[in-house]
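Two complexes, one shared chain (chain A), two partners (chain B, chain C).
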Partner chain A sequence: MTVYFYTYAGVVKAVENVSFELYKGEVLAIVGETGSGKSVTTRAITKLIQPPGKIVSGSVIYRRDGEEVDLLKLPEEELRKIRGAEIAYVFQDPSSALDPLYTIGYQIAEAVAAHRGGKIKQYLSEAVNLLRNVLIPDPESRVRAFPHQLSGGMKQRSVIAMAISNRPRILIADEPTTAVDVTVQAQILHLFKQLKEQLGMSIIFITHNMGLVAEFADRVIVMYGGKIVEEAPVMELFQNPRHPYTQGLLRAVINPITPQGRLEPVPGTIPNLINPPPGCRFHPRCPYVIKGKCEKEEPPLGNDNHKVACWLYT
Partner chain B sequence: MKILDKVADGFLWVLVTAIALVRKDWYAKNKARIEEWRLTLYALNRSPTGVVGLFLVLGFVSVGVAGPFLAPYSYNQFLYLERPELYLVPPGAHGMPLGTDIYGRDVLSLLIYGARVSLVISVITIALGVPLGILLGLLAGYYGGKVDETIMRITDIFLAFPALVLALALAATLPQRIREFLISEPAFASLMAAVFGVSSEDAIHLAPLISIFTALIIVWWPMYARVVRGMVLVEREKTYVEAAKALGYSSWRIMTRHILPNVMSPVVVLVTFDFATVNLLAAGLSFLGLGAQPPIVDWGSLINMGGSRFPTAWWLVFFPGVAIFLTALGWNLLGDALRDVFDPRVRRRIEFKV
Partner chain C sequence: MRSLVKTEKLSKYFPVGGLLRPRGYVKAVDNVDLEIYEGETLGLVGETGSGKTTLGRLILKLIEPTSGRIYFDGEDITRASGSRLREFRRRAQIIFQDPYMSLNPRLTVYQTLLEVIKVHRLPIPDPEDYIGKMLELVGLERGQLHRYPHEFSGGQRQRIAILRALILEPKFLVLDEPTSALDVSVQAQILNMLKDLQKRLNLTYLFISHDIGAVRYMSDRIAVMYMGKIVELGPADAVIKEPLHPYTQALISALPIPDPKLARERKVILLQGEPSSPINPPPGCRFHPRCPYVIKGKCEKEEPPLLEVRRGHYVACHLYS
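Now for the complex of A and B:
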């Protein structure tokens, strides 16, 4: 899949030739710096890319009940039935993901009504159950609360309640814990685990937080500059990070598996994706750069269990 | 202050009971909302200018609605024909409180009929022009790109052209065709006569008035399209809109149920100001002779009639002028107060006093 943004400054190559698979019932974590294309990739799955962004090429093969559909080729009408019902999103900032003018009960009921038809009001009792499901205390009175009357953690739970209201098969959580504090993070993560067991969904989990990845994910994709640079099962990645960027990332956070001394930042900043560096996009920041190779040719992403796009391993 | 709050309570009580009659469990479910309304009214009561504006506007609206039934004489009672002494009587003489015009008609009654004409023109202009502007602004802001460019460039053309001049041109060219239309559609003609509070024989003379509000509708929407588009551009970038898309809602639903309510309160304030502006513009067009044709009068045409006999027949200019002034003042004061009440930051400050 390739997504470009056509801006006045030039074409931003936000996501280029990204390809991955998501299996039933697994948690796939996508990590990477700000601007590495994580969010764009997941939004492109249901064509939620706004102009000036454009999905240039690619396909999203979605298997359900034995049939295969390419979501990017579906008409808007069909896609809308899938959004929210089969593939649901939880966004980063819970305080702006809710419409300030309606009660959360109304908004949850609206999400249900949008896919099952009928009046919004008849689903209000279901909204109470959903709020109870996401462990909101006293859901009977909270359904009548407006977003500004709730704390950040409760808002995020309400957003999650909206997302799971139609029992989606895939839940895409875009940094769901970034805007809430650490104790709430732990609770929300726990909640995700529970819901996954209950509903048997697959989860795509976007985060900066390596700790959460180790805690929660089954497989990890590391993105850099709009490309996948490494993909591996979670234990494998933490024990044996192969791409220099992944190694840098793990040195920059407290590694939950191998204790270490000082934290080291990855030197430099993310490249400008209007004119990405030729060859391997990480080479200007890479400590192991091979002269005459990395800046000329693009490394392929392997094909085995632990994929890595780096010339050091070929 | 206490009395005003009591009035507000009483008004809310009437409103709530009326709704409760139709929908049984409405009251229990919307308690919080009713409290909110009560607070809004109390906050409005704390602004003296707002109260003055509210009274002026209420006075204008009730005279406009009930006027033709209250007026002591009809607009087409030419008393001069039977009593020649009633030609241009100054206020107070011959039992005419505000004097008479050149046909011996009672100026007070003419003012009351004029209020109806003003009210109808402003209500129709706003009721048709504003939704049109809001709709186009929503579409332009939400879809962006080519839709936006097309709609906004057309809006720019309208905005660049002076509204009064365009309205003048339209008001001067439309009446002939509208007159033909009124003749061919008697049902529409009598409806219009009822709305403007004139007898149906005079319906044919309504053509210029109809062309005035048609012209005003045509020049009125662009401002709203622009204002709404600007606010929609801000709202549509918010995450709740993206979340709504991710939940699979249709564009129409997102626009009308989620974006529109979030941009409405500035529009409400703009509308109150615009009642004043429409009134002034309509009176202006009438004054220029493009509005009400005899025997139908409105405030503008009264001033026009008095203008050539000023200052001898000063009452023909003075009283309609005062009426126009008070109405415009009332809407402006009310709009000012509403802006404060709807602005959450200012409102917080007012609420402390409640």
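Now for the complex of A and C:
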């Protein structure tokens, strides 16, 4: 998959040649810093890319009922049936996902009606059940609440209720807890774990927080400058990080429980994606750069259980 | 240890609803006694609405307290004005969270910093040379002197904001979530720089953050706020390793830790619900509606005082009194 943004300043190569798989029932974490392409990649899965962005090439193979479809080739009509019903999203900011003029219950019922047909009103009682599912206290009265009457944590739970209303097979959660407090974050992660068991969903979990990856993921993809640089099972990634960027990222993360010495920041800043560095996009910041190689040729990602795109390992 | 900043029964209530006859008050900061020692970093943690930012601003006299007193360097500055206030402003500075908003986009770095020198009438004969030298202090180059904020990355802007505070040679800095808007790799750069500067310039920090990892990395002591009150205060290691207050215990247990093995083995204390409405806080201990160890007939009636239960480790909880 390749996604470019055509801006006045030039073509931003936000995501370039990214390939990965999501297995049934797993939590796949995608980590990366600002501008790494993690959100764009997952939005492109159901063509949620708006101009000036454009999916330049690629395919998204979705397997269901024994058949395979390429989501990017489906007509918009067909794709809309899948998006929201079979593949649902939860974004960072719950306030922008909710309409301030309608009650929570109405909005959840509307999401259900949009995919199952019929009148919105007939799904209001189902909305109560869904709110109960996401552990909102007193759902019978909350269903009549407007978004501004709820706290950030409650709003995010309502959005999650909306996302799971049609029992999706894939849930894409894009920094779902960045806007809430730590104690509420723990509640929401716990909720995701429960829902995953109950509904057997696969989850793509996008975050910049290595702590949350360690808590929650089965498998991890590390993105840098619009590319996947490493992919591994969670234990393997933390015990044996191979890409210099992943290693740097892990050294720069504070472990709040076990004290550590001085933090070692990754020097430099993230690359400009209008003119990304040639060769390996991390080479200007890399401590192990191989002269004559890294700045010229792009390293392949490899094909193991633990994939890494780095010339040190070839 | 000498205290540089001291508050006595400091409170700030914000009226809500109705201008002339308010419906109620948000007790953002309620009767806080706090000392910050010279040369230390005091970490102030708490969740949204706990009052940590309000407390930071009260101490800097950016807002007027409803009641209570503030001492700086032994001097009562609660009612300071005129030249005394100006002198205080020079010695106590603040760094805000968002470096995109705290710098004027129409001024170059040089103009921004020159303004500080002019406002405070600092006796500097060659400001351009001086500011150029100072840029190196925060890891920037002299050649970047005449650039505008948009030409810098988030981390570099935060460096400029830090320099703007340091140019006055202050003794005390309030760091209000200084790295929350930055990426992990850049956050580490800024935290390390703040540590180095503290040593070099003998600064005292109040480090406000919801990021407990960053607070622990920076702080000598940590204070935990919950709904306008300090519920726990102690040496950084003790507060993290042996938290006493049930709220702190839950908070620490809920921290995501970057170690998958440990993360899966330990037990997370899941709190019920969310903080109560700050408009009419619950009577007694403000944490009692969510507390797993609530003592019936006591916690919902009496407010627990902040008591020293171990050396230098204070907690406001009836379990310990």
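Criterion: the second predicted complex is superposed on the first by the 308 of 314 C-alpha atoms of A that agree within 3 Å, B and C clash if a C-alpha of one lies under 4 Å from a C-alpha of the other, contacts with A are read in each partner's own complex, and residues count from 1 in each chain.
One rule holds for everything that comes next: a contact is a pair of C-beta atoms (placed from the backbone, for glycine too) under 8 Å apart; a residue touches a chain by one contact, two chains touch by 3 or more.
Owing to the predicted nature of the structure, the values given are computational and were not obtained by experimental measurement.
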Fit-or-clash call for chain B and chain C when the two complexes are aligned on chain A: fit
Contacts of A:P100 with chain B and chain C, given as first, second, both or neither: first
Partner chain in contact with A:A114 - chain B first, chain C second, else both or neither: first
Chain B versus chain C as contact partner of A:I82, first or second or both or neither: first
Chain B versus chain C as contact partner of A:A309, first or second or both or neither: neither
Touched partner set for A:L130, first chain B, second chain C, both or neither: neither
Contacts of A:C286 with chain B and chain C, given as first, second, both or neither: neither
More chain A residues in contact - chain B or chain C: C
Gap in Å between nearest CA atoms once chain C and chain B share a frame through chain A: 5
Chain B and chain C contact sites that coincide on chain A, given as residue numbers: none
Touching residues (chain side chain C, partner chain A) in the complex: 47-48, 153, 155, 183-189, 191-192, 210-214, 216-217, 237, 240, 250-264, 268, 270-271, 273-274
Footprint of chain A on chain B - complex, ascending: 32, 144-145, 238-240, 242-250, 253, 257-258, 261-262
Residue ranges of chain A touching chain B (in the complex, touch as defined): 46, 48, 51, 79-85, 88-89, 91-93, 96-101, 110-111, 114-115, 144, 159, 162-163
Contact footprint of chain C on chain A as seen in their complex: 33-34, 137, 151-154, 181-187, 190, 208-215, 217, 234-235, 238, 248-250, 252-259, 262-267, 269-270
